[in-house]
Amino acid sequence: MEWSVYLSGEIHTDWRERIVGDAQDMELPVVFSGPVTDHGASDDCGAHILGQEEKKFWHDNKGAKLNAIRTRTLIEQSDIVVVRFGDKYKQWNAAFDAGYASALGKPLIVLHDETLTHPLKEVDAAALAVAETAEQVVDILRYVIRGELSR
Amino acid sequence: MEWSVYLSGEIHTDWRERIVGDAQDMELPVVFSGPVTDHGASDDCGAHILGQEEKKFWHDNKGAKLNAIRTRTLIEQSDIVVVRFGDKYKQWNAAFDAGYASALGKPLIVLHDETLTHPLKEVDAAALAVAETAEQVVDILRYVIRGELSR
Amino acid sequence: MEWSVYLSGEIHTDWRERIVGDAQDMELPVVFSGPVTDHGASDDCGAHILGQEEKKFWHDNKGAKLNAIRTRTLIEQSDIVVVRFGDKYKQWNAAFDAGYASALGKPLIVLHDETLTHPLKEVDAAALAVAETAEQVVDILRYVIRGELSR
Amino acid sequence: MEWSVYLSGEIHTDWRERIVGDAQDMELPVVFSGPVTDHGASDDCGAHILGQEEKKFWHDNKGAKLNAIRTRTLIEQSDIVVVRFGDKYKQWNAAFDAGYASALGKPLIVLHDETLTHPLKEVDAAALAVAETAEQVVDILRYVIRGELSR
Amino acid sequence: MEWSVYLSGEIHTDWRERIVGDAQDMELPVVFSGPVTDHGASDDCGAHILGQEEKKFWHDNKGAKLNAIRTRTLIEQSDIVVVRFGDKYKQWNAAFDAGYASALGKPLIVLHDETLTHPLKEVDAAALAVAETAEQVVDILRYVIRGELSR
Amino acid sequence: MEWSVYLSGEIHTDWRERIVGDAQDMELPVVFSGPVTDHGASDDCGAHILGQEEKKFWHDNKGAKLNAIRTRTLIEQSDIVVVRFGDKYKQWNAAFDAGYASALGKPLIVLHDETLTHPLKEVDAAALAVAETAEQVVDILRYVIRGELSR
Amino acid sequence: MEWSVYLSGEIHTDWRERIVGDAQDMELPVVFSGPVTDHGASDDCGAHILGQEEKKFWHDNKGAKLNAIRTRTLIEQSDIVVVRFGDKYKQWNAAFDAGYASALGKPLIVLHDETLTHPLKEVDAAALAVAETAEQVVDILRYVIRGELSR
Amino acid sequence: MEWSVYLSGEIHTDWRERIVGDAQDMELPVVFSGPVTDHGASDDCGAHILGQEEKKFWHDNKGAKLNAIRTRTLIEQSDIVVVRFGDKYKQWNAAFDAGYASALGKPLIVLHDETLTHPLKEVDAAALAVAETAEQVVDILRYVIRGELSR
């Protein structure tokens, strides 16, 4: 069986690459997916394809909806959802994805530093695992899929 | 018909009271619900009832799970979910609730200042209305329930 | 048991009043609901409550979404959905409601003149009854609820 | 991952061919499906296979139900539903499909000229994108699937 | 709590009256519902309300669809479904109701003589109880609701 | 796309073989499934594998439940369910399957002689097509899958 | 709002009475339900009502199915499920109820002594609260419903 | 069609190997899955990957949740769930899995010695087959998939 894992959240660090790379090194049967991580494209896709808007609200709204076509479809088709919170920006979309995945009954893995424990307590409470490093996420996937523990 | 409206999010301003008060003045047939808004109780309920924890993580985890018994039940039973974002704190629980409600197909009304438009674009994109004031939320409820427009 | 019946579609003739009046005369245990039928309010509610828009598209979009808060909630809570098609206007919202109700598994009664049989064939094919008069709809409700046939 | 996209609506222009052709040129991993677009076959299939009817209503009813075996199955299996409205005919089946897809939670892309904005406002309000050209639909698919923006 | 029990199947003996009467004598908090049991009305309702048909098939089809508005709504709203099979007629509608209720996850009680055990084995296999007398059905309801056993 | 079609009902005539054979001749992309059609095996499987029973009821019950493991799984995985009623036996399992498939929202094709129209009216009312011959069923599949009409 | 709480598990101690009594003293708006707690009746109900069986297996099977009519209905209608494990007996039905409630998405409170932590780890992992005393369960209900903490 | 069968329960005997081996010998098209059966790894995975805990409860809790990522995903994707109860240990996780699978509507096969009939009566009552040997389970799979009976 091939597992589908959706990687939601932070887009300005290399956590996705580290997870994907490690999983490939271990030859885990996982297909990863995630949002569009080109920040500019993600922000402007709506206006670029469907036409410019004068108001910032509609500019953002058109783009966010296009992105939703991708993210909701991929979250619904995933077996496991991993959500990463960093220390910058509001990241409300990451928390939104966590809530969305949770209501769909998807097993949730949250990834963040210990310093964010308190503001993330409701999200963590909905998770089956709370990791602090990308390596732990890969270890979880390896254990869940193959039952192997030690690195 | 009586409408059930869940008020999620910010707990340190009086937006809930203003919505509930206005709705009562208009005699709208709405039953409002929401999270426990006593901040201290909300944070400590788990340890208080089920026993202290040395680690902050488990202290928060126990509390957040007790709160989830309340919030998930009430969100699932509501007809409409209103989520308020203020300018302080991370408020990831508000965004989580918005995602949760959205995946359940609940009509979502988001309430926030114009300054938060960009970081909230994904949440707004999932909403059927984005309001800036508590009064607008009550006007929406009045229109949705009674078809009346002018204040 | 009280039955909930949603009356979707045409808003410029008196078909709703005739159904509701007849049902009341027969003392049928039915609670009727429907969209906001004040055409102006329905068109302008979004801009009126949430602020004017320069572009017609967003003016319409904001209003249609507020109306959706009402219509989707009421359709989901109804036992039976009646959809009326008249000979004027596009009435795509009526057909949309019919599709929406159909996918939710709601028993569908369609009401239209014989002249519209061909363009409405897909909608009729999803219905459990196709009536031509408001009186027939009430007769159906009476039969379904009480088992009584002759007028 | 291969994406399934259902193309609903207008059958007398070449919008489907243009979308399918462009997507093939870009080698997008999309499998397109849609209704039977042979107008005569679509109208007469019921009577042709299952026997003639004297009444127009039953002629249409038998055919529309056969078509529903196809359309509902394909809509339920699709990831994205695109609905095209042209300037001719009633097209209530297109609006019905949009409502059906919407209640199933399928991401909806609506395709129509600006002149139809007002009568389609309820359908547009349920969509994640409203496009005016077939090229825009392909651009959306490309962005959603590959994250690529500029043509 | 008030329990909703749907009584499906045989309409030419008094089994419904016996169950309802006994339950009333025991003051069980049960609301019973069932199909229209006036055989003539049930057969002719479609043609009577919506217009005569020359073909027997459409005469039956129109009537059966009106009856389905009632039966599906009531089965979906019931807590328990009881299906009675007698020794006359085909009673395919009773077996259809049993399958329908079963797929909805409704607890199923089947009521029939021992002589019908073999042809009803698939229906019985989906049931939580197979009774031979109306009295046993009431005893089951009493036990399930009140925990009382001996008559 | 490969279509899954479940063939339920009558097991003592060759209707399944005719449908499967015709579909193969036309190279339709259909995978057919159905119940175990070895009558003796179907009746005795429970007792044979899990141990003999003295009472006929439990003999039948054990067998019917084993068959249910197969039939429910296959019905739930099918795109279309065809149910055949012949003129012999009670065939309550066929009607049960039709109700089960119907509650799951599966497109239903019923196959029976005109003489059975009246007792099957409730089953037919839930169907998207009512055919009288195996050839018509294959014609429907061909039209639904390929849009081709004339034989 | 009135909350529905199902009390599953151990039937030979007074934990239910203590929870119900305490909740009444606090005037919590809770309706409690649970299995039939008369052990003899619960074991013999099937044979008593539907006829004796020689084999122990069928005696138990008939009884367990009647009890399932009650327990599954009440679990599905509850807002919260509390499951109590004591130190005697296998109590597999309690663990079964916990899994059943969990798959339905019901908030789960597990009640057991610390000594059972290891064998109950999978059940506890699915719970939103793990309590050791009946008093804690009532404290949780009070907090969840009223937001009140200190006793 | 390939069948997915999840093997839950007892991990210290070779029942899984016997079922898998026999099924392979018969070339049944079955993909088996199950929990991690390395007892030590299963107990310690949480602490090993995510960090040690002083309290036994959290040690177990972290591990049980990682295991739940695997077990719930595989149970939800399986066609049939087999649950084995042995004579040792509490095995509440096996009963939990049975309840979970049952609420999801998965066909359930329970495997245990006759001596456990009484304490397992509620679990057995939810099953479509109760087997005493691994060989019987394989015979069931063979019959269900191929319709073949005699060994």
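Observations on the model:
Each chain gets a letter, A, B, C, D, E, F, G and H, in the order it is written, and its residues are counted from 1.
Assume a residue touches a chain if its C-beta (ideal position, glycine included) is under 8 Å from a C-beta of that chain, and two chains touch if they have at least 3 such contacts.
Values in this document were obtained by computation on a predicted structure and should not be read as measured data.
Residue numbering shows that chain G and chain H use the same positions for more than half of their mutual interface. The angle of the rotation carrying chain C onto chain H, fitted on C-alpha atoms and rounded to the nearest 5, is 180°.
Of all chains, F has its CA centroid at the greatest distance from the CA centroid of chain B. Chain B and chain F have Cα centroids separated by 49 Å. Separating the CA-averaged centres of chain B and chain G is a span of 31 Å.
Residue numbers of chain F whose C-beta contacts span two or more other chains: 65, 68, 125, 128, 130. By the touch criterion stated above, chain D contacts chain F in their complex at residues 31, 33, 36-38, 41, 44-46, 48-50, 62, 65-66, 68-70, 72-73, 77. Residues 1, 3, 79-80, 107, 109, 128-131, 136, 139-140, 143-145, 147-150 of chain A are the ones that touch chain H when the two sit in their complex. Those residues of chain B whose C-beta lies close enough to touch chain A in the complex are 56-57, 60-61, 63-65, 67-68, 85, 89-104, 114, 116-126, 130.
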